[in-house]
Amino acid sequence: MTEHFPALLVILPLLAAVLIPFSPAAVKRSAWHISFASAAASLALAARLAWEAFALGKVSYWFGGWAPPWGIEYSIDPLGALLLLLTAFVTCAALSYSRAAAPAELAAERLPYFYSCMLLFTSGLTGIIITGDIFNLYVFIEIASLAGYALIAAGRRREALVASYNYLILGTIAATFILLGIGYLYMAAGTLNMADLRERLPQVYHTKTVLTGFAFLVVGLSIKTALFPLHIWLPDAYTHAPSPVSALLAATGTKVGIYAMIRVIFTVFKPEFNPSTVPMTVILAGLACAGIIYGALVALAQTNIKRLLAYSSVSQIGYIILGAAISNQTAMTGSLLHIINHALMKASLFMCAGIILMSTGAEKTGDLKGLGRRMPLTMAAFTAAACSLAGLPLTAGFISKWHLALGAVEAGLWLVVPVILAGSLLTAVYFWKIIEPAYFSPAGERRPVRPEAPAGMLAPAVLLAALGVALGLAAHFPALGAGRAAALLLGNP
Amino acid sequence: MIELIAGKYNYWIYICLMMIGFYAIIAKGNLIKKIIGINIFQSAVFLFYISISKVRGGTAPILWENAVLYDNPLPHVLILTAIVVSVSTTALALALVIRIRKEFGAMEEDRIAKLRSDGP
Amino acid sequence: MALKFTLLFLLVVCAAAAVRMKDLLGAVIMLCAYSLIMTLIWTLLNAVDVALTEAAVGAGIVTVLLIAALGRTGSREEDPPPSSLIPSAKQPADRHPSSLAVVRCALPLLAVLLTGALLVYGTLDMPDYSAPASPANLHVASRYITDSAPVTGIVNFVTAILTGYRGFDTFGETVVIFAAAVGALLILGKGGKK
Amino acid sequence: MSGRGCGGNLIIKTVSGFLIPFIQLFALYLAAHGDLGPGGGFQGGTIFAASLILYAIVFGLDEGREKVYEKAAGVMAAAGVLVFGGIGLLCMAAGGSFLQYSALLPGDVKTAYHLGIYGVEIGVGLAVAGALLLLFMKTAGSRDD
């Protein structure tokens, strides 16, 4: 049975998602239970697969029993295993948060559809992570995207509809670019399997066809990952989506996009592919640096909490891409660590923002006066997560940014180091805008309806933030795992 | 030069179509017009894939005893999948447009932007 | 050859007309014509399965969905924002701002031309159209043609790949359309009265 | 739209009433003959959905029963995906990998393929027809909005 785990990891949540929305009322009422059970099962499968992938280096699964270049292959290396584990874990957290949050933000009759879309979204992401076939990647990108568009528009706010529509338009342009890039690569190499492409493409690296295909793939994936300046869909979408959706999307959606980009750059292509006409890595690193500073500066100017968090995402995505662009062992380790760190922390932050909105109605940074005393747990989780994102010592963020800076120094990119430091400083400043009134201002006239949020919402937020601190204290383990994943990816074990 | 044109003009026509659709998506303000643009944009890419599959002298990819050469069936399969994805996207986009129209009473981007900034 | 060239020309005309027309119903009809011509071209290119699907989906379902949506949203594309919605003090500034006009036309045009130029650049050393020895036709595809019928007993190669070799993609495809249906329900709510 | 029907145009109603059964027959033919010629579950399902949409446009659907129709279409779509996935899981249970039809009948590989592919085509057809019908009903909406 264990040999089928890669397939089951994707298929079980998909079938659960199909089962929920059109079943008899009794099944629909337990929609949350079904979706949480399948997410928990996915987490268990992912844990088992991750163990196997780290032990063996690679796990692969052939659909229909067809050998790889002819059939579709699933393949999991340590990097994929890390992402699988992360996605499954955050999905569980977001679902347990949804149990109390979703009924507050959605009409009751839409809940089964909502849970179905959550499962479709995460199984789409899982499919993207696990697949070894580049066209299958496109299909699962579309599953995740369609579910994502619907999820953003699920709430009661009408602004969310426009945000979702704009995301749909940009996302479809991105997907079509990806499809086009796949077509160009197929035309040059005659195969769709990623490992096979890696073997066959070097003979045609010099052609304009391959260069163009590569460019379209990277641009398409950059839109999906919201790399500056293609991030324009992100702030509105994260601001107006229901809070469990913001948490899930911010934690997993963009990360998986980055993962797909890393796959294309490092697995489909070899390091030898460095077109002299267009220095791809320099452009990526430049855009990443610009994104770090731009996102942080715009976040500084925001008064809406969720919008501030959204721009903070633009900035943090810059860090992750920066590490991938520098692409030496240390920087890549930092990049992977920051994927984990940012996923956990941003999920926690969006959950806290949702809790605050639900119990006090506060959306603006100015409305938080005195909240530190009234909602101590929520604000403690928020503060811990913010510290970790800013990269304070003893948090997970410190380890990831330390690796990034070290990697930049190793690569001789001294100019990048001040950008990393300035970005961290700005992160601390914009989070201070939220934390300062909460702890150091006398309470305003807004009184919370309840002293704290329901435990079901609070627990995942606190757990995720605590994990950030724990990973920072026991920095050895995540760094070891990410280091091994990075080494295998870059081909220097 | 002539050989270049003769060998490549099929590809250039699909690029031309694609750019017409792309222009509609990014320059038009009407929400339905953008969806029409997306449809043109995507099917132009489909045309590109199908032109990859054509082989000179090939017949349709169905087993036939008199056939010497077949056209490449793989792009056909990929495009069948992509067409389904395309109609799904269109349908979801239309659902969004209908809700937007209901909530804002408008279908033009700048009018909606105004309503958002003035609105409650 | 001449037929195909004419059809390709008509395709461009229909696409341009669909984009230019202010009457959205007309634009949808143009899109339908575009799909039908596409169907004919694909038939000429021997992609019969794809042509059949495009006829049913592109010319059929997409047109019906668009017209049904137009019935609920109104079918005219508007030029300038109506003045009643603009605060009167701002009106002169908003009506003919030259900078806005630049953003509206020149910037998209520039983006489109750049993208198109990159795509054309990519075609320059592509294998010629319909060359039998291009890599796309040699590696994986040739194996499908020689093996699929003897192994699976299915004489239509497209079906053999669609449900056999790449059956999991097809599973993904049914999930995509299912996701669209659930997504539409999530956005629009259940039927009947509110 | 679904409540109205097409006014009282006798010609349209007669012609459609005559055509719809043939369209449906053609749809079933396509769905069943994907292994021999062009066509398959997807095309068959789409054309079947189109015939029902034509019916809805010409004759109108029973008002007040939209929920029932919607439910039926949804169940159809879900059943289609479940049939497809179920066949995949069945292959797994029989010892193969997901969608490895040859595991279904170890002795006779070609029959196994035919069986598996028929099942899959039925699944695709149901899923596509159901989902497209549902999408049409949602897009066309009911009369009161």
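Chains: A, B, C and D, in written order; residue numbering restarts at 1 for each.
Just so it is clear, a contact is a pair of C-beta atoms (placed from the backbone, for glycine too) under 8 Å apart; a residue touches a chain by one contact, two chains touch by 3 or more.
Here the structure is a predicted model, which is why all the values come from computation and not from measurement.
Taken together, chain A and chain C share the touching chains B, D. Taking the definition of touch as given, a chain qualifies here only if it contacts chain A and chain D alike; those chains are B, C. Across B-D and B-C, it is B-C that has more C-beta pairs touching. Chain centres here are Cα averages; for chain C and chain D they lie 23 Å apart. Measuring from the averaged C-alpha position of chain B to that of chain C gives a distance of 2 Å.
Between the Cα centres of chain A and chain B there is a gap of 28 Å. Shared interface positions of chain C, defined as residues touching 2 or more other chains, are 48-49, 53, 57, 61, 65, 69, 72, 119, 123-124, 126, 134, 136-137, 140-141, 144, 155-156, 158, 162, 164, 166-170, 172-181, 183-185, 187-188, 190. Residue numbers of chain D whose C-beta contacts span two or more other chains: 37-38, 42, 74, 77-78, 81, 85, 88, 98-99, 101, 128, 132, 135, 138-139, 141, 145. Looking at chain A, residues 14, 18, 21, 63-64, 135, 139, 142, 146, 149-150, 153, 161, 180, 186-187, 192 sit in touch with two or more other chains. If you sketch which chains touch which, every chain touches every other chain without exception. Considering their complex, residues 4, 7, 11, 14-15, 18-19, 21-23, 61-65 of chain A touch chain D.
Those residues of chain B that touch chain C in the complex are listed here as 4, 7-13, 15-24, 26-28, 30, 32-33, 35-37, 39-40, 43-44, 46-47, 50-63, 69-81, 83-92, 94-99, 101, 107-108, 110-111, 114-115.
Partner chain D is touched in their complex by these residues of chain B: 60, 62, 80, 84, 87, 91, 94-95, 98, 102. By the touch criterion given at the top, residues 1, 30, 34-40, 42-43, 46-47, 49-50, 53, 57, 64, 66-67, 69-70, 74, 77-78, 80-81, 84-85, 88, 98-99, 101, 109-110, 113-114, 116-117, 120-121, 123-124, 127-128, 130-132, 134-142, 144-145 of chain D touch chain C in their complex.
Listed in rising order, the residues of chain A touching chain C in the complex are 14, 17-18, 21, 63-64, 66, 69-72, 107, 109-110, 113-114, 116-117, 120, 127, 135-136, 139-140, 142-143, 146-147, 149-151, 153-154, 161, 180, 184, 186-192, 200, 204, 207-209, 211-213, 215-216.
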